[in-house]
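So, here come the structures, one by one.
The following pair of complexes shares a single chain, subunit A, combined with subunit B in the former and subunit C in the latter.
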Partner chain A sequence: MTKDEIEKQLVKDFGEHIEIQTTDQPEPFLYVAKEKYVEFCKYLTENPSLAFDFLFQLGGAHFVDASGQGEKFDVILCLASSKHKHEMVLKVKLPAENLALGTVTGIWRVADFYELEAMELYGIKFPDHPHPRRLLLDDDWDYGYPMRKGWSGHPDFIPMPDKSESAE
Partner chain B sequence: MGMIEKAPLYLERLPGGGVVTTSVEGLLNWSRASSLWYLLFGLACCAIEMMATGASRYDFDRLGMFFRASPRQADLMMVCGTVTHKMAKRIKVLYDQMADPKYVLAMGGCASNGGPFYYDSYSVLKGIDKVIPVDVYIPGCPPRPESLMEGALKVREIIMKQKMKDFAGDRAMQS
Partner chain C sequence: MSTLEIEKTQAQDEFIINVGPQHPSTHGVLRLILRMKGEFIKDLKPDVGFLHRAIEKIAENRTYAQFMPFTDRIDYCASMPCNLAWVTAVEKLAKIEVPERAQYLRVIMTELNRIASHLIWLGTMSLDLGAFTPFLYAFRERERILDLFEMTCGQRLTYNYMRIGGVSQEPPQEFYPKCKEFTQYFRKKVDDYEALLTYNPIFLSRTKDVAILPIDVGLNYGASGPTLRASGHDWDLRKIHPYSSYDKFDFKAPLGTKGDVWDRYIVRIQEMRQCCNIVDQAVEGLPEGPIKAKVPAVFKPKGEVFARIEAPRGEMGYYIIADGTTKPYRVKIRTASFAHVQLLKYLAVDWKIADLVAIFGSLDIVLPEVDR
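Let's look at the complex of A and B:
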């Protein structure tokens, strides 16, 4: 399916829960409501005309606005269909005060490791994850979530010196 | 012909004494330096250069250097690559398992001081000398096989200069 066809199909079935972004990319980008996330993922795999059977990336993102006060998180999934050879990018917005999200490990097995990674590096919580454990970081890691903006929790951490200062 | 010219001939035949001890030390050092078995510790791109050094074009074997996959059989630990905090603990364990006398060679910028991951890195250890004593550092990212061979020759120089009293005990405790 082409980008327009996928978007039309999704709007027809999940119109009020998704928010399609306009980009110049060849694949559709869209946000889905947090409450409908797992249901929507299941629909993407099971609908025969979409058939997104392959999750090739699940990651987190942390945004802080210029004042440094407001922060928000995204979970980003890159999906592909081996049957129809089309792709899409699915995102979920998470407020900083509640980072819990349903798990999609029952839909794509590979999401197991990706969700653990987002759990460790961004602090996004997946309460329904079937096998929560430490994956990447040190076994006795107790220094917070290193991929968040402005993180400097580890005692050995040395931030990059400001280049504008050294140029003077 | 005076006695002075014949002195080396007589001295070697003397039983006991300082001259004989020195040559045993020299023989021992020479044999250790010529069969330097190293523990494989390839962690990143430096490992590729180490493999190239071990392969036929550069040929570590002609220095008597063979890789061992067990710390019990190794004299030299070549840490080739980026060491994370998680891996640093394993390196310490393997170093402790090696039999004395043992040597450590830090290959590349990452193993020496963190290299390109010195700034803004949550996971990379800033040099393996934070956990184990290092004998030779090799700069480069990654160093060419020639550099690694030069480093191996430096380790041999260190071995050749050692005295017998240096062998006893853990060198990490002494330094």
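Let's look at the complex of A and C:
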């Protein structure tokens, strides 16, 4: 299916719960409402004309506005279909005060480690995750969520001088 | 990770074995916690993260061009494809047209690196299974590929060869004849490896029908590349979503039939022959022209992009969020081994511990790629 066809089909079936982003990319980019996320993912795999059976990746992202006050999180999934060869980017907005999200490990098994990674690097919570545990960081890690913007850093860390500005 | 979690499920006649993190058969620093019943694996938990270098965080503090050397370190057995994935993503984001000569040079380097990477896999896997000779043979041929890379960009492991919009430099004139000479020589060497291993009765009994991976399970676990093609799933990004002129080359994506360890072996062996074909075609058809597009020195793309390529171990890709500054806002790196390490539990349970090394070897996992 082409980008337009996928978007049309999704609007038809999940109209009020999705928000399509206008981009210049060949794949559709869209947001789905947090409450409908797991149901929507299930629909994406089960609908024969979409058949998104391959979860390419899942990751978090942290956005802070210029004032440094308002923050929000996104969970981003890149999906592909081995049957129809189309691709898609699916996102979920999470407010900073409630970072809980349903798990998709029951739909794509590969989501297991990706969710654990988002959990420890961004602090996104997956309460239904079947085996929550530490993945990449130390067992006794107690220094916050390192991938968040403005992370204060590990106490033993000596930062490198920032040379990228001089490259301009 | 403590072993406590896995101990909870332990029955009376079962015991826990800890493998790694420093263990020759884990090809790096991977720790596996096994719950065993006699010689049979009943449960397996991979403990990763020993090589975590926060490359994604580093990316947020470097410009697009400055991040290039870090991509080399994501998978140091196959740096060129990591370079290629990054430049493909950035070029897709910033809509940069790459000169054809640069695209061909990228293909030559990537395919040579694919051979080198498969040679490491061949050497270590056969070593794990007790065959020492193929290891020495494989590293002898890999040395010649590294010489070719050294001739081109001065590096033998982390090449930093590609640039946004092209490649860093033109290979010297003697590179092309040496390259052809190598592919001719190498095809015969693949026959040698096959003579040593493919139908060797000991090798067959260790690999045939061991740890079968069905296609649907493989897809669900995010398997890709040779691991999934060994199950018979015809999926090669070089053919399905061609990038960097791959549509101009005539090659096959070898397929397995069953998806056992032996299929994963034979698919990679055949893939090495196909790589030689691609390299030959690219060297012969190398167009004249510039090797780098004109890219502004201060480079401020905006938007979001997701690009993926076929790396030696499977699909590799980047998701970039660009906010219109010189540095990316967020970079998510997708590597094949991160998905494959999860597959290990599905494949190894109910096999003997001796089969674990064969199964692990056949997946071709490298740990820097898992931990990033």
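By our rule, the second predicted complex is superposed on the first by the 157 of 168 C-alpha atoms of A that agree within 3 Å, B and C clash if a C-alpha of one lies under 4 Å from a C-alpha of the other, contacts with A are read in each partner's own complex, and residues count from 1 in each chain.
The rule is short, and it goes like this: a contact is a pair of C-beta atoms (placed from the backbone, for glycine too) under 8 Å apart; a residue touches a chain by one contact, two chains touch by 3 or more.
All of these numbers come straight from a predicted model, not from anything done at the bench.
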Touched partner set for A:137, first subunit B, second subunit C, both or neither: both
Touching partner for A:66 - first (subunit B), second (subunit C), both, neither: neither
Which of subunit B and subunit C A:146 touches, first, second, both or neither: both
Touching partner for A:154 - first (subunit B), second (subunit C), both, neither: first
Dominant toucher of subunit A (residue count), subunit B or subunit C: C
Doubly contacted residues of subunit A, that is, touched by subunit B and again by subunit C: 137, 139, 146
Residue ranges of subunit A touching subunit C (in the complex, touch as defined): 23-25, 27, 29, 53-57, 59, 61-62, 76, 78, 82, 85, 87, 89, 108-110, 112-114, 131, 133-137, 139, 146-147, 162, 164, 167-168
Subunit A residues within the subunit B interface of the complex: 137-139, 143, 146, 151, 153-154, 156-161
Complex contacts: residues of subunit C adjacent to subunit A: 1-2, 5, 48-49, 52, 54, 56-57, 61-63, 65-66, 92, 95, 216, 219-222, 224, 233, 235, 240-241, 298, 303-306, 308, 315, 317, 319, 321, 326-327, 329-330, 332, 334, 338-339, 341-342, 346, 371
Touching residues on subunit B, where the partner in the complex is subunit A: 84-86, 89, 118-123, 125-126
